[in-house]
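You will see chain A twice below: alongside chain B first, and alongside chain C after that.
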Partner chain A sequence: MTGWSRFVSEILLAALALVIGLSLGGWLAYAAGESPWRVIEIIVTGAFGSGYDRGMVIYFAGILIATGLAVALPFQVGVFNIGGEGQTLMGALAAGVIGAYAPESWPHWAAVSAAFVGAVLTAGLWGSIAGGIRAFRGGHEVIGSIMLNFIAAGITGWLVVGKLQAPDSQNPEMKVIGEVFKLHRFGAYNGAPATTAALVALIMAFLFWLVLEKTPAGLRIKTVRQSPDAAVVAGYDPAKVRFWAFTSGAAMCGLAGAVMVLGESWRFRLEISDGFGFLGIPVALLGRGRPLGVVVSAILFAVLHHGASSLDIESTKVGRDLAQVIEAVVVLSVISLPPMVRGLRKWL
Partner chain B sequence: MALIEISELFLSGLRFSAPLILAAMAGLYSERSGVVQLALEGFMLFGAFVAGTAAYYTSDGPAGIMAAVLFGALAGIFYGFLVIKLRADQIVAGTVINMLAWGGIPVVCKNLFDSTAGTPTLELSQRLPSWFPIVIAFAVVLITAWIFKQTAFGLRLSVAGEKPEALEAVGVNPRNLRWAAVMIAGALAGLAGGLLSVCLSAGYSRNMTAGRGFMALAALILGKWKPWPAFLGCLLFGFCEVVQLKAQGVAIPFVGVLPGQLIQVVPYVVTLALIAGLVGVSRAPAKLGHSS
Partner chain C sequence: MPSTLLNSINPLIEFRNVSKQFGSLFANKDMSFRVREGAVHAIIGENGAGKTTAMRMLFGFEEPSFGDILFKGEIKPWHSPRGALSHRVGMVHQHFMLSPVHSALDNVLLGREFLLRSKSKGSGIKLFGSVLSRIQREKIHAELEALCQKMGFLIPWHESVENLPVGIQQQLEIIKLLHAGVDLMIFDEPTAVLAPIETQKFIQMLKTLNQEGKTILIITHKLQEVKDVADEFTVLRKGRVVATKKCADVSIQEMADLMIGRHVSLNPMPRVACTPGQAVVEIENLSITRAGKKNKLTNISMTVARNQIVGIAGVEGSGQNELLKLICMPKSSKPPGYRLTGKLSLFGKPGLKFSATKVRRKSIGIVPSDRLREAVLADESILENDLLGHDHEFTKGLFFPFKWIDRGAARERITGELRDFDVRPENPDHILGQLSGGNQQKFVMARELSRHPELIVCAQPTRGVDVGSIEQIHAEILKRRENGAGILLISSQLEELMALADVIHVMFEGRMVASFERSEFDEARIGVAMGGGGA
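Moving on to the complex of A and B:
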């Protein structure tokens, strides 16, 4: 297949997967005694009905672009990053510690940059353990990532409850970050945490595309994916490429963690990653691992995620969990449609 | 800590480990046949919900558990359809099953019981005693060890994960064995979830497996994909978890106050070191993840 027809068929696949996901979700709502049209109306109103809601969608989209890229980047070299939860948690922890304990006398830009860099480095370092085990020791990155997710939860739990608990709070959380670390919220969204961080996530997606398509590093990544042997012939080590792809993917989760702390909660609390690290997987799969695809599917998932939360209030029959069913069916369609179509072609 | 507290801790450890052991055995069948099993968490959660629901409607604990086993087997067949029939990526397919469980169960639960928090509380008479899962788990390990050591089926299952060409050479289709393996995996993990909700709690509650499926997978790897070592691995994970829950803030002579969360992560760190090749060797079945 040529590049262009491949591109079109991938868009078709993603669109079809989305239609199947929404249809099945609608059918499920119907079976539960709720009109599918009303469900769609509630989700759309819930996502776009007010300035606050639109702001929340922007906030969630920024996070999902970051955690989606975290999966899509390693995916380019055939490595699966399922450790987004742990990486996001560690990134958020770094941002929370820097924000709470670094001097408040820093200028705003320096303070925010320091927290972001700290979060990105910490998340990258955390992910590099699984990436290194995969690239240099031959251990499976999926198992490594799952272990690291549990270990990250344990370490943050121990640190927050045992060492850094905010004295003024009953919840397991650290003290509030300094004023200079807080990201400015855009005025138009009635206090929703829509910040410049969403733009940073977009820029990251653009950089991802730039590196992949326009630099020697991108060529190396593509070579390793298609033929590791050719990479060896060309004189570089596929293991190193895999390691750096995984590590830079993990670093993206640091961005997500920093946005959560500096943009929304203003402090590190346990379970702050709240499944967003994990949601990067369906985002990347629907986006077919491409930067632009990740951006588009992150926005769709953000709409679905925030819009569906209104179901809890507006509907007595179905709740926000319907969104996760739709997401699951979308991924299910993405993985099962191509082989089904191939089978059908053979049969015809 | 008094003796009675220690024996209570020991019993809690066993009770916590029992579902883990069953789920680890579930993973063992699947992975030894060459199919990655990341769906244990989803299978368990389905089992827990189905058992809680069936036990509530029939007022019969064993019926609930049977339903969980049956539904688990069906979910296993569905997983097999994705990865064996359609040859979908096994890691993604497992993730899909988990997502379906996380999202789908609350939707159905709300519809049946008007609450996403869980099934109605089961009466004591609708439940089974909490020693029951321990006995079942032990029996399943015993049988599994026997199957893999003594029977043609067990031997062929291992060959399907290591050298499927050898099976084809003698006229056995390795894919049929994998179908059987994923179905057994679903049934056993469903059983694990069923016992969790009907014996160890008073019904299903939201996301009650809380990562136990992944924990079982870790124990399986720690146990080098072998029945008895995996069993011991589950005990280690189970005891560390219980110490974390029960010994929080308790001072132990000569040791001081235990940092519970850090004890809890010890088995994960050991497993991580193991797959990094830092302590011992845990070799996966040769065709794991590359079979279809």
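Moving on to the complex of A and C:
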């Protein structure tokens, strides 16, 4: 059926983009004097070689699923959330504050839930500013959310060198979170921050799929994407739908921020997000905005991201920047292939 | 080729085996016909027959997928509207291509600044001289006035276009083309926006233009006009040319049969007498106004009662859409900056504060005028489309996100619905956009009427629908009236209103200028009112 052929063509498109990205990356490595096969070998060993590496991939994948969903969800109603970085920062800040200042007497599950809920709400609230401006006032969401990135960086930076700076630290960072707030790391990964959070991210992706396919909210989203006019006649308010899609997307970034604090660094520090909020954009693009696509492409990006860090050590000719080139080419291919194919068809 | 017309000596335009493909669909297939220089040539066909696409290809908006379009015996040398204009070919579109915020005069100047300048100086263009020099507005204004005088038009040149009535806007489009010096004028459904009286004037004007040597191509599905003005006509059906004939040789009945593809007879539907019941919609003295702008609606008062069909007649754009919005989505019917005064009661309750969602929860069926834009999602299945606006009927669960749509129940229900309204195919998984226009419309009627609503708001229910389906849709509307629904019927087809309605209100520029009870129905008088003439 049509649904199937659409599904298959989306997968083909993503695969083709990946092939183009890898070929160009390989060619660059070759031009720099390194064998492409060796680069691939280094990346794969770097990502799966040891328990620790596998744990890091799991950790990165969880974060990227969350920040990917944060872009994919608003995508479903045709708005572009480019503010993932700021939303992640605000979420991480909330988790860090709750973790550092809430009483340690709380049971583990309650403490962790409180930190997660706080992070998700804060990130959602932060995103709702740009979402609200877009949905109810017509201001462009790209401008709004990118400006809010700078503001979030400013606010968090100001706090961690001021009022919230850890008294015993010279660095721009907050107090270490309480023991009960730390997420349990799986033993099999030699101390890598692989936690249940990755599972939570997977569940979120599944929930996203459920909402899209099964709930009235999903029907509203679908209608607004395809025809805002039809939505109005059907009694759905496009502004509200856009607002909530954007806000719940932003809330996903809170999840990512909380995982960074509770799972990895155990405290909020400056530049904790390190571009993962932005990396959500290529993840969502390669995943074609679909939940399953986001999961697969998040894993792929996690492998590239972590595996490529070994390039710095293992190769003298290319470094981890090569991974960024591959990522960038993959995304450009995903965006430009459909119109190119269409143009080619027309021309034939 | 059997017809002598096809072998006429100097065709200005020739379509030679032209096809236009969109995806897997053919809008036009293997079209061949010729247009004689100096003729008035009508292109007729039902909605969706491919008339507009054919003309868009001629004008350079689209390129044919296969075949050639010849201009004066050679393959047409332009690939854009601008190129067409420079070969003296112009088009008046169904939806005018005017900038609403600019004055009428500026609309003529827009996009032609350089051309106008080079013409007035007669010498080559110097880049900076051209950019920096003043456009000779006064001179052009005078030229335009002269043209208007010749044509008998009255255009307020310094008024913004958004404040001009449609008739004047159309005149402006025509003057624009005349000033550009075109020899071939293409009109796409020019009379759809005109009241009957204006239509007569328009036909007269076409004849004048033709006498001056202009070749005219006119797209229409109103056969009387073809008979009145055209020398020859080409019939399109499902994208193919069915025939090209001389108007003098063919009767209107024969044209209709050619257009539809079988013998058509439009007998009036049998109507049962009904006494109007309780009022479902009451509007009193309602206006939507803004200082310095044209009123959207002025002092509208009307009632729709159960067992009653209230027809709204009027030229397109007379305020019907605003009226529909007012009833279906009262809260958002007012554009920003406008003031809404008056009273609206829906189902016996004050309704001005109702949101679209709230109205949808009431017993209402809404059939909007622009089916593909407002009523359905073309890329989704019939089943998904059936949920649109009615998902609350199948929603289970407590609250978000523990709420889901029971698509199984929806699927069980839909089969009967599709069968009752004869929607083909009956398969709920079929993609809606692949249905024919008639079946799409029958589906929308099915979705909205099968819930037995007390109020039906229905705009252009038979637009783009084949004759067979029109009969079914009309019968369905009458049946609902007998079963106790109150029906508001907005239509630009006077015949449709006269066949169905109990009362006809005529709208003109946002006002209700006349009302007629069924016993007073008179095509001529309603027609005069549609042109703003009053009753």
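The rule is short, and it goes like this: the second predicted complex is superposed on the first by the 347 of 348 C-alpha atoms of A that agree within 3 Å, B and C clash if a C-alpha of one lies under 4 Å from a C-alpha of the other, contacts with A are read in each partner's own complex, and residues count from 1 in each chain.
FYI, contacts are C-beta pairs under 8 Å (C-beta built on N, C-alpha and C of every residue); 3 or more make two chains touch, one makes a residue touch a chain.
Treat the numbers as computed from the prediction; the structure is a model and nothing was measured.
Chemist: After the superposition on A, what does A:Pro282 contact: first (chain B), second (chain C), both or neither?
Modeler: first
Chemist: Does chain B (first) or chain C (second) touch A:Met340, or do both, or does neither?
Modeler: After superposition on chain A, A:Met340 lies in contact with chain B alone.
Chemist: Check the residue A:Ala110 against both partner chains and state whether it touches chain B (first), chain C (second), both, or neither.
Modeler: Neither partner.
Chemist: Touching A:Gly157 in the superposition: chain B (first), chain C (second), both, neither?
Modeler: In the superposition, A:Gly157 touches chain B alone.
Chemist: Could you tell me if A:Asp237 is touching chain B, chain C, both of them or neither one (first, second, both, neither)?
Modeler: second
Chemist: Who does A:Gly139 touch here: chain B (first), chain C (second), both, or neither?
Modeler: Only chain B; A:Gly139 stays clear of chain C.
Chemist: Residues of chain A touched: more by chain B or chain C?
Modeler: Result: the larger residue contact count on chain A belongs to B.
Chemist: What is the contact status of A:Thr215 with respect to chain B (first) and chain C (second): first, second, both, or neither?
Modeler: second
Chemist: By the touch definition above, which chain A residues appear in both interfaces, chain B in one complex and chain C in the other?
Modeler: Common to the two interfaces on chain A: nothing.
Chemist: So in the complex, which bits of chain A are touching chain C?
Modeler: 1-2, 207, 210-211, 214-219, 222-223, 226-227, 229-230, 232-237
Chemist: For chain A, which residues are in contact with chain B within the complex?
Modeler: So the residues of chain A touching chain B come out as 28, 31-33, 80, 82, 129, 132-133, 137-140, 142-144, 146-151, 154-155, 157-158, 161-162, 281-282, 285, 317-319, 321-329, 331-332, 335-336, 339-340.
Chemist: Touching residues of chain B toward chain A in the complex: what are they?
Modeler: 36, 38, 82, 86-89, 91-93, 95-96, 99-100, 102-104, 106-107, 110-111, 116, 211, 214-215, 217-218, 221, 259-262, 264-265, 268-269, 271-272, 275-277, 284, 289
Chemist: Touching chain A in the complex: which residues of chain C?
Modeler: So the residues of chain C touching chain A come out as 328-329, 332, 355-361, 366, 368, 370, 373-380, 384, 387-389, 391-392, 395, 400-401, 403-405, 429, 431.
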